[in-house]
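Just passing along the structure, written as structure tokens.
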């Protein structure tokens, strides 16, 4: 079992915990929680594999992704109080999972011949896709669309891998550097409350909750 | 026209009715109702076909799936009061559709070379996918994540097919047994109110509606 | 650069503006707005390409779709007040984008050997898919399920292309006629408030907001 696979499964595990926690918080039953575990841990990779034409996706054809996801869901289900107390360690693991998925996703996209810009974006998508689908399933606006540099950190990590590939640098080194950059950016964003700017809002409507209703044109 | 195709189209029809009913209840126009009919009746099979690499999916390349879906949508649209009164018969048809999609989905996944565990899960996904997408489109948490043994019944039916395949039992027999098991489990769950356990909730936050906001980590 | 590609990118641009506007109205940060821009401008085409087996999708493999989407997002972000005032011109561009995506989507589906009915529906899906996904991401019932002849206009335009193909008429002529028909229908629907019928509602429950809760069966 390669180091990359180990790290990949660790990433799946921590993302699956985030899905299971969302399910418990909404009082879903055990099955719903396991579904959210699998979705949060694997949908990012599944979407990437479908887009690059690598079917069936690894998360479907390799049973270990499923096993790790279900394990995370069961642990969260039976020890929810303990997991809920772990908020800060879980955030660190989550950042680690994001970092790894971003770099491994970018590498896989490059291996399938995508152009560098789209490879970096697919790396980012691999990192954030599971959390987006988790939030869609519980009928919320995905947190990644709001959260502190979450996707930007993934994009930065994936970009390092892609730039290294273009410059023909050794892939192991750029993978490690990319993962560390993503991990560090995300932790800094959490601890310092970094976030991206939001658009200036027309004065006339600043008191409305969702803004004007013309957004859907 | 094979028996399997007939049963498949019957399943599509009853699921399409569930989609159309959801659309009428939200006062969508005729087009929106027909879209929800098609989605509820076919998205489970479409996702399965994309995941196993069988494109274009059968629901796209065979016009009969579309015709049956639209017919169900039109009937619901023009005779909504009658359909709404049929609640209990429709639940029985819905359980039948679930049973059939679960076993046919598992067989198709096996035919495309997936491992047994994922084939069973894809059978389950075929059964529940349409309903999940229907609920996502109307901005709700999918009922399958909450409902009484709905997905578990589908998984059990698909598992029978897969186990039969591993043990090289005659596929016709295992298909019938798997479908009957799923159908029976689902009906029993409805009539007796069976459901899966939900996680124990920390005492401190039991009065909140959605639970603590830390679920997205 | 062919005329078709130019028109396609214009369509992507105006749809991306609709996505960015939705993001600004919900106070998302810059990244969230750019994601919604890309989603609204490209998801329709991506889903079509996945369904017909053309992977990686053009929106992933050709960097210009991304560039145009990001440009639209940035313009909306920095000049939101100006864009919001443009409501009526944007509606016209949006109708033009819908028209073009519908006819080009139908042509691509025909080129991949789909049957005429599904080719017309995939043309429609190409036109409306981006807006549907945009609304799912911001946790709303997609407007296309409600709006004035939006999808029907796309379907009409796509149908002209498909019928022309069946009758072996010159494709350039049918493409132009189909696009004009879609564009005209949509503008007429906006200006005159045309809409499709909705189902008659049982009297007993007409005072409820969402209707009876039995829609999910």
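We call the chains A, B and C, going by the order they appear; numbering starts again at 1 in every chain.
Basically, contacts are C-beta pairs under 8 Å (C-beta built on N, C-alpha and C of every residue); 3 or more make two chains touch, one makes a residue touch a chain.
For clarity, every value in this text was computed on a predicted model and none was experimentally measured.
The touch graph of these protein chains is complete, with an edge between every pair of chains.
Relative orientation of chain A with respect to chain B corresponds to a rotation of 120°, obtained by superposing CA atoms and rounded to a multiple of 5. With centres set at the average Cα position, the gap from chain B to chain C is 27 Å. Looking at chain C, one finds that residues 50, 136, 139-140 touch two or more other chains. Chain B meets chain C in the complex at residues 18, 21-33, 35-36, 46, 50, 55-57, 60-61, 63, 66, 76-78, 80-81, 84, 87, 90-91, 94, 131, 134-139, 143.
Interface of chain C with chain B (complex): residues 50-53, 112, 114-115, 117-118, 121-122, 132, 136, 139-142, 144-146, 151-152, 195-202, 210-212, 214-217.
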